[in-house]
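Chains here go by letter, A, B, C and D, matching the order in which they are written, and residues are numbered from 1 within each.
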Amino acid sequence: MDHDHHPKTDVHTEEAVVHDVAAPGPTFVAFFFIVTLAALALFVGFSDGLGPWKLTANLAIACVQAGILAFYLMDLRQADKVTWLIAASGVFWTSLFFLFTLTDYLTRYLGVL
Amino acid sequence: MAANVNGPVAHHFNNMGQQLATVRMGMWMFMATEILFFGGAFCAYAVYRLMYPKDFEAGSAALNVGIASVNTFLLLFSSLTITLAIRAAYTSRTKALGRYLCLTTLLGVAFLGLKAREYHMDYEEGLIPNVSTLSPEAKEKHAARMAALAAEGDRLEAEAKTKSGSEAAELRERGIELKARAAQPPVAFNENVKVVLSHNKAFKGRPLDEQTYDVGTPSAANAHDYDPFKVQLFFMFYYSMTGLHVLHMIIGVGLLTWQYVLTRRGFFDHNARFVYIEVMSLYWHFVDMVWMFLMPLLYLTGPHTAGEAIEMFKKSVGMTGGH
Amino acid sequence: MAVDEVPIPKLDYTPQTIPEPEPTPEQARTRRNYLNHTTSVLSWLLTVDHKRIGLMYLVAVTVFFLFGGIAAGLVRVNLVSPHGAILELDQYNKAFTAHGTIMLFLFLIPVIPGVLGNFFVPMMIGAKDMAFPKLNLASFYVWAIGASFFLWQLIVGGLDPGWTLYPPYSTKYSHTNVLYAGLGIFITGFSSILTGLNIIATVHKMRCPGMSWGRMPLFIWAMYATSVIQLLATPVLAVTVTMAAVEKVFGVGIFDPTIGGDPILFQHMFWFYSHPAVYIMILPGMGVINEVLTCFSRKNIFGYQAVAWSSVGIALVGFLVWGHHMFLAGQGYYLGMVFAFLTMLVAVPSAIKVFNWTATLYGGSISFPAPMIHAIGFIVLFTIGGLTGLYLGTMGTDIHLHDTYFVIAHFHFTMVGGMMFAWQAGLHFWWPKMTGKMYSDFWSRLAAIVMITGFALTFLPQFVAGFQGMPRRYPNYPPEFQVYNILSTAGATIQGFGYLMPVFYLTASLFFGRAAGNNPWKATGLEWQVPSPPDAHNFKDIPEVYFGPYEYGVPDGLRLVADGHLGKKAVHANGAHTGAGVTNGS
Amino acid sequence: MFAAIDLPTVLPPQASEFARQYDLLFYYITAVCVFGGGVVYALLTYCCFRFAKKEGVAPQRILGSTKLELIWTIVPLIFFLTFFVWGARLFDVAINPPQEAKDNEFFVFGKQWMWKVQHPTGERENNAMHIPVNRAMKVTGTSEDVIHDFGIPAFRSKFDVVPGRYTSAWYYPTKEGTYHLFCDQYCGQGHSQMVGKVHVLSQSDYADFLAGTYRRQNPDGSFPHPVDGSASWRGRKLFFKLNCISCHNKESSARAPSLEGIAGQERAVRDDAGKTINIKASDEYIALSIRVPTKHVRDGWKPIMPAFSTRQVGEQELRDLILYIKSLKPGDLPSRNEYTPAPVGGSVDADSLSQQQNPNPIPMPPQPKKEGGTK
């Protein structure tokens, strides 16, 4: 344990309580990208070109969309470390659940029966 | 920025900074929970999508992609407006804040309205497993098929009389089998979904049960041949996942309306209270995000065409008198 | 032994005040505290005071513990005879299901976070309240609503698929109220999420000056780890029950093999929550033990960092071991290996804790009031529980022990032998602070000993029965197992008496108990530096902390400190100098 | 209720090769745990007494020791990992049957609430499994409704039986005897009745069992009727169903000759011409005297037996009857008013055997009252 005897008053400092209100520019640019990607997703969905890769492509697009949304519209880019940690842990644990469960279904019949 | 923040500090906080940071953190944690919540459903979906890709694509082909596409854009725009709302709140422009909240609410309501219409159409088409009854069209199609089966059965038995020995026995067996099958009662959902899929031009699959049992030799395996029961499985996911999303939407719309009222009452004149708008916007963005993933997983996996989508949407909102 | 010698920190500041003397009986009688500053019924039902909410949890949880206990009693009595002594088959199934669901969802999960967590997390970190007081109240009522669903399904005929609710039995073949129970689980789970969220926010944002992570009491660390699990695991259970409910309503479903569903998937989703859930149950208990052991051995915890981080370690790795419930369920062999390996890893932090606790006692000056006896009992019983867990986490040995009484015994050794005794320890430890009254020393010690004896007698024989292959959830069984069951039932009876005793002497202490005083145990936690019962807002001024939580190393801390042994003037042994007028009656 | 408490052995019987390997690991873990727990308890006791509160003795100020932390992190971890490795290898053994086991594959169907066992040869039995000793065998199972679990403690073997899937285990039984068969996965009301017996037979006995003539001599020397699942057991059921028993019975009334031990014996009969001849009681003879009883009538008996045409007794049934009659040894014929056939599940012989063979029979629990029972 640390032994500096000066009280830490970290939680009491006036931290940046308001995200600096960037000029609406970035917001609109981000939004424009999101909408374009949505349109692209529809286009991919309606075309039969990609075949089995259609879903993969669309999910990739969705991830990009979500990223932009979180980063610019939800101001994650200005958020503090803890917020990042929380958001990351949510995604991380979900991916763990996916990883293990799907592993079961993909390896279930290896070496057994 | 922090300097000109004014507003009441709750009894148990020491200063505004602590209070705002806490509220914000709480909301982010709640969203981490939500990620896990939908993550669970998505994982279950993924498992079955891996098991039965063709059937899930068939199920997707039976959905109303027209409404879904329009809804996507509605939701995206609402995402923009709520962002503008929070920007307005930051700079304490309460008039603009009110406008944007109102706009967002309306977009949300529009989404829900269309969604309701979509569910209603699913109901009309009889796409609710174990609840729906045979749709008229499905009824006559099924009746015709069964009649054909029965006739074929009779023909085989008659033919059997002309033959002799094992050959005759074989024919008779087959005839009896076909007639027995013709006598079986239909599974309403399965027949309905076959009809709906037959309307989808882009979809070229045949139901496996007809493939295996029906008259004539099975045609060459098709990329989209599907098993109606697995399609039921898909629809269970469709209903539970969109249902959960709609539930979140309804809650969101409720909160938005409430905040709109508060705005009009001047609750947000203390600009420190922007944080409530902010967490609201986070929630709303999250709901939007979920839809971004539901769209490709549920609606866009199956074969569709843009024309069909437009057609469907027109039909949904009654611009054309059905087919 | 080799120890890292750290000198007692010298203070380089001058505290303003020396602590107030104990209040005179006069003051004690007249001062207003959180119990009596308002008295109307509504002021209790609608309170946002974390301490009152904690008390409401205490009452509710105790009631449900009695319900669950009655169900357990029925089960045990029935098993006296190989043919089933008193219950029909379906009645028995409903009895053990009621026992399981009530004890897990309505007692073990809410008990320590709900009562001690609510009450003491803010006080121990020097906060005036939880981060979200209203949310705190809401989560209590949400929990109450969920609980009422459990009660309702009990009233309208009970539930029989067992607390694990495995489909397809629960969704297709059980004619009992699975839907109500599912709803109950969903709602109580939601409450558990909110509580966890609240505690995390509180720990992050509400700590008083100087209360750095390295100076937090270990109970806070444990509660923090618990809350992380609650936050990230519970939603998956919620969605699982939702899907099961959809399946039951539509009658055709996601976990139903007849249309291509896979019942094993339910087990994955269920255990993704329910295995971490056992850590939700045990971690707070471990936290309590740290407080009690250090206090009654008058020592620093041995290896603060190790104990703190082992809590976090358990919380994290605990997420990745759920598959060891499914070795034989048809789960893939290779995935099973991964899970078995991680299970062995998660066993280590628990071992670390046990060793550290034992080492904490070394060189102490140990006294044995009721809380300490419970705590020692915890270590003894939890050790057995943890070690027998190794048999079940080892793939090979799990084959034979899976779903036998060995599992039952193991589970109860961790949950009852661990959690239940930690709860008793915590309750007896903080009771004087919560109520301001001291209970009977004799009866409390007697009760502790009776509980421990009864418990050991109940569950030790079940290990043998389990190794012989007696399956769980059997209303009747081959007679060769009868002797073990009779022993168990005898033990259960003793245990029952043990659990009833506190209800009486604690209640009695409210009326006849002597005033406890501010700090009866001479403990160092911040919560002990304020009068008992505390004021409505805990601290009049924000306390400041200057060094770690367990400075009992200073012989009889308070007095010597007051004599200026450390620094110039008074500071409590844990370095908290609470501001002026905390202790004077209003 | 307390009348007969059988004092059990502490350890379950060890009746298969896997059980032997299993117990090795089990006792290894036990040894380690007893040692580790012992250390903790010893320290705990020492501290509690040595450092109990004394006047004037101040507690020491010990904050911890990185060295000790490392020791008690790493040492347990090493042991735990040995458990893991050994355990994983054992599990590997349990789920990977050798080729000869695969060639000898039994099948079990779990059903609320009974086990149906099918032998590689197609023989079927309920809640009982007769298997040969010293011969590897594989059991594959599936369920007709909910998840069950096919567990045999004596073999330390267990596997969940999941609807819509095939799961399996394999045994190499090493000790003859009768052992418990449990359903270990909760499956509803009758869960605790979903139990049975595993009979490990010598190779020759198992051959007899498949031939349908397997008899197990009880300790008291008496022979019970044929075992459930065998052909002659089916024959026995027919023997009652067709009311043969009303004349051919233990009491051997004046109406019909006893049939005990006639197989292969020379017998004096009157043919339809009325002259007495000697005929060896071959299968064909027995068949004929069921189809056309008046053809050869046993000396000294009236030709009153009704004929049983193929409509009443199919050829396969007839075969079962013959096997039963051939299997009858002196004193075997049931009494006229004996109750059979065996109730589904608890087969009569499984119990009557277990009464003598195994001191701890599965009791017949109270039957479920409400519906939802047998589907």
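Going forward, a contact is a pair of C-beta atoms (placed from the backbone, for glycine too) under 8 Å apart; a residue touches a chain by one contact, two chains touch by 3 or more.
Fair warning: this is a prediction, and the values are worked out from it, not measured in the lab.
Q: Between A-B and C-D, which chain pair shares more contacting C-beta pairs?
A: C-D
Q: Chain with the smallest distance from its CA centroid to the overall CA centroid?
A: Closest chain centre to the overall C-alpha centroid: C.
Q: Look at all chain centres (mean of CA atoms) and spot the one farthest from the centre of subunit B.
A: Between subunit B and the rest, the longest centre separation is with D.
Q: Suppose each chain is reduced to the average of its Cα coordinates; what separation in Å results between subunit A and subunit B?
A: The separation of the two C-alpha centroids amounts to 23 Å.
Q: Hey, how far is the Cα centre of subunit C from the one of subunit D, in Å?
A: 45
Q: Mind checking the centre-to-centre distance between subunit B and subunit C? Centres are C-alpha means, answer in whole Å.
A: 41
Q: Please compute the C-alpha centroid of subunit A, do the same for subunit D, then give the distance between them in whole Å.
A: Going by mean C-alpha positions, subunit A sits 57 Å from subunit D.
Q: Send over the residues of subunit C in touch with two or more other chains.
A: Each of 6, 204-206, 232, 236, 260, 262, 264-265, 269, 272, 304-305, 330, 333 in subunit C touches at least two other chains.
Q: Name the residues of subunit A that each touch 2 or more other chains.
A: As it turns out, subunit A has residues touching two or more other chains at 11-12, 82, 89-90, 93, 97, 101, 105-106, 111-112.
Q: If a residue has to touch 2 or more other chains to count, which residues of subunit D qualify?
A: Answer for subunit D, listing residues that touch two or more other chains: 95, 167.
Q: In their shared complex, at which residues does subunit B touch subunit C?
A: For this pair, the touching residues of subunit B are 10-12, 14, 18, 21-22, 25-26, 29-30, 32-34, 36-41, 43-44, 47-48, 51-52, 128-131, 227, 229-230, 232-233, 236-237, 239-240, 243-244.
Q: Contact residues on subunit A for subunit C in the complex?
A: 1-3, 5-9, 11-12, 82, 89-90, 93, 96-97, 100-101, 103-112
Q: Provide the residue numbers of subunit C that touch subunit D in the complex, in ascending order.
A: For this pair, the touching residues of subunit C are 1-6, 8, 80-85, 88-90, 93, 160-162, 164, 166, 168-169, 172-175, 257-258, 260, 262-264, 297-306, 327-330, 333, 336-337, 340-341, 344-345, 347-348, 351-352, 354-356, 358-359, 361-368, 376, 379-380, 383-384, 387-388, 390-391, 393-400, 402-404, 464, 467-469, 471-483, 486, 552-556.
Q: Using the touch definition up top, name the residues of subunit C that touch subunit B in the complex.
A: 127-133, 135, 193, 197-198, 200-201, 204-206, 231-236, 238-240, 242-243, 246-247, 250-254, 259-262, 265, 269, 272, 537, 542
Q: Under the touch definition given earlier, write down the residues of subunit B that touch subunit A in their complex.
A: 1-2, 5, 14-18, 20-21, 24-25, 28-29, 31-36, 39-40, 42-43, 46-47, 49-51, 53, 65, 69, 72-73, 76, 79-80, 83-84, 87, 90-91, 202, 272, 274, 281-282, 285, 288-289, 292-293, 295-297, 299-301, 303-306, 309
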